[in-house]
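Could you have a look at this structure, given as structure tokens, before my questions?
Labels for the chains are A, B, C, D, E and F, by order of writing; each one numbers its residues from 1.
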Amino acid sequence: MTTVRLIQYEDAGPDVRAVYDDIMATRGSDWVNNFWKALAVHPPTLRETWARVKAVMAPGALDAVTKEMLYVAVSAANNCAYCIHSHTAGARRAGMSDAMYGELLAVVGLANQTNALANAMQVPVDDRFWVS
Amino acid sequence: MTTVRLIQYEDAGPDVRAVYDDIMATRGSDWVNNFWKALAVHPPTLRETWARVKAVMAPGALDAVTKEMLYVAVSAANNCAYCIHSHTAGARRAGMSDAMYGELLAVVGLANQTNALANAMQVPVDDRFWVS
Amino acid sequence: MTTVRLIQYEDAGPDVRAVYDDIMATRGSDWVNNFWKALAVHPPTLRETWARVKAVMAPGALDAVTKEMLYVAVSAANNCAYCIHSHTAGARRAGMSDAMYGELLAVVGLANQTNALANAMQVPVDDRFWVS
Amino acid sequence: MTTVRLIQYEDAGPDVRAVYDDIMATRGSDWVNNFWKALAVHPPTLRETWARVKAVMAPGALDAVTKEMLYVAVSAANNCAYCIHSHTAGARRAGMSDAMYGELLAVVGLANQTNALANAMQVPVDDRFWVS
Amino acid sequence: MTTVRLIQYEDAGPDVRAVYDDIMATRGSDWVNNFWKALAVHPPTLRETWARVKAVMAPGALDAVTKEMLYVAVSAANNCAYCIHSHTAGARRAGMSDAMYGELLAVVGLANQTNALANAMQVPVDDRFWVS
Amino acid sequence: MTTVRLIQYEDAGPDVRAVYDDIMATRGSDWVNNFWKALAVHPPTLRETWARVKAVMAPGALDAVTKEMLYVAVSAANNCAYCIHSHTAGARRAGMSDAMYGELLAVVGLANQTNALANAMQVPVDDRFWVS
């Protein structure tokens, strides 16, 4: 029950297939997940979003598992079911152990709690935290 | 312009002072930030929230800088100005470099973008992502 | 799996039926969607919410398709599955083409991304943007 | 009180200046707003975010004022003060009248209200709204 | 730094003055708070929003202090600074004691924490909680 | 389709069973709901979250039904389906009538509406609302 029809590889035009091919090649995988098949409704957004995911999620100053865990944390705060599932799976593939996941959950729960408390009381930011 | 008066150390009762003392001892610091001075309006919540922050944010399966960066990511998604400032400062203290912060921002921006896209299209979760 | 029982036309009292009748007459339709059947649990809220939807969503300085697309954008940001589906359908009925929907998705994704970035860095508003 | 120092034109390196120059040229303007000066902390994110804003916000199947109003609607739902101010100003520049703004506010208020009601009751999506 | 000019009583037309007068009469007060002075930019939304606030917030099956506390809880979850301040003040006027406020904060913090945890793990709703 | 396997009583270790036993004893119930079976993936978070729920939700300056309604209001604002269902059921068990629930919905809808309006216009907080 999406708002668009998922576009399968065999029904896709050459520009969409090129993105699907690059997703599979980059991941060393033989399938494409539903997010991209939905986004294919608008090829420019498909192409640019994939380019950005590919660039941003590659290991750099932060390693892959840290990036995936950050993704999970944001997705939980925003309650994006699709993203929670896909990036929790991604974090596990990148090496997140059960113990790491347990601590991730604890931090996410705590952060949402204190975010609400600080917002509820409108606590002023201490001068010492300012950069400029 | 908080909703409560901030309780300074010299005006605090012994139960609140005990928490302030533990915060400073744990951090090797000589001051207490405003969040705790606001939360002191309700001593049980002050005491339990600090106990939880102390336990959850201590290094474990995840190191301190990863935990602080997760906190920043959640706080940005929730737009808690206080928490963004205090935990960005905390992440820097724990070793987050400019390059790490730049990548953190890139992941946070990307995750919020794709969260909105997946939600907007109500993309169904692929069977392969399911655990149970 | 709602939190309330949906109230069907044949089980509704006269005040609820009057709202259902006006919904169908206004839309030139022969059915009432689930949102109203759920809200019928509290007739005053049903009546006032429908009156407001009827008045606010009528074409005025903004046309119907623009209003429906704004509704979709807000509903995606809030991740309201019901509202995303009903107002994406409404926007299509009001004339939203596939190309318009693709651009709507692109703007919604981008706005959520830069919202998160501006919040994460707590960027100060430029003086030139102020009205008062 | 940002989390980063704003990078002024005269302090920027050539890659950042190139983006600032393109922002001003595209807009026919002689200044760069704070969002970009903050994002300059991470040049790749600056460059890619600007490229995306430039491409996505250009008139296409949707005109400029509709895109800016969609941006305002999302930014209000996410409570991004910076984005609300900059895109409300952008919408006015693109032709949003007071009457259009009044109706935009009415739709945004209504959508947030019914989003909360539909979520609170967990109303099931009607079969008729499904695409696939 | 609002996005609109606040409309003072002496500058308001008769339809706006009528709402301001009713606000003051209903509250037994001699001033109007900024929210209404901003909303006066769009008189129909001003009039209907005030009518709704007046009807919904009047004591009924729930008393005034419970309604104000619910308003604070929602406003904290949404991080609406204006609403947090105005309705925390409203709750105090309606009889919320320091002890009640402390417990309100504790519930709000806890709910945001467990909301994030349940969302992060995508916990399925138990059959026993279903109504229909 | 959770991200973790639910841990049933018969498969649980003694520390997890102790929490399950306390949940059932505290509630005078013979079953444990899914939230705790999911959280059991990380026993320290299970133990501390339950301890906090038990303490915070016990009647005090606020009675049980008020606390459960506040929980529902926050959960609706955050769109946590699990929490909405479990705490709406909890509020009903604690004495929430249909009339009370109808007014709760009306307040939640209204608060989300005016939160969005106040945020959209960035209304400045009146001096009279300030505490400090």
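The rule is simple: a residue touches a chain if its C-beta (ideal position, glycine included) is under 8 Å from a C-beta of that chain, and two chains touch if they have at least 3 such contacts.
Owing to the predicted nature of the structure, the values given are computational and were not obtained by experimental measurement.
S.K.: Pick out the pair in A-B, A-D or A-C whose interface repeats that of A-F, meaning over half of the contact pairs match by residue number.
M.R.: A-C
S.K.: Among the chains, which one keeps its Cα centre farthest from the Cα centre of chain B?
M.R.: Centre of mass proxy via C-alpha means gives C as farthest from chain B.
S.K.: Suppose chain centres are the mean of their C-alpha atoms. Which chain sits farthest from chain A?
M.R.: With centres defined by C-alpha atoms, farthest from chain A sits E.
S.K.: Just curious, how far off is chain F from chain B if you go by their C-alpha centres, in Å?
M.R.: Here the centre of chain F sits 21 Å away from the centre of chain B.
S.K.: Any idea how many Å lie between the Cα centroids of chain B and chain C?
M.R.: 34
S.K.: Among the residues of chain A, which are close enough to touch at least two other chains?
M.R.: 1-4, 39, 41, 44-45, 49, 52, 74, 76-81, 84-85, 88, 102-103, 105-106, 108-117, 119-122, 125, 130
S.K.: List the residues on chain F that touch chain E in their complex, please.
M.R.: Contacts found on chain F: 1-4, 31, 33-35, 38-39, 41, 45, 49, 52-53, 56-57, 60-62, 66-67, 69-71, 73-78, 80-83, 85-89, 97, 99-100, 102-104, 106-108, 110-126, 128-130.
S.K.: Could you pull out which chain B residues touch chain F in their complex?
M.R.: 1-6, 44, 48, 52, 55, 125, 130-132
S.K.: Okay, in this complex, where on chain E does chain A touch?
M.R.: Going by the criterion above, the answer is residues 72, 76-77, 79, 81, 84-85, 105, 108-117, 119-122.
S.K.: Going by the contact rule set out above, which residues of chain A touch chain F in the complex?
M.R.: 79, 84-85, 88, 98, 101-103, 105-106, 109, 116
S.K.: What part of chain D is in contact with chain B in the complex they form?
M.R.: Counting only chain D, the residues touching chain B are 1, 3-4, 39, 41-42, 44-45, 49, 74, 78-80.
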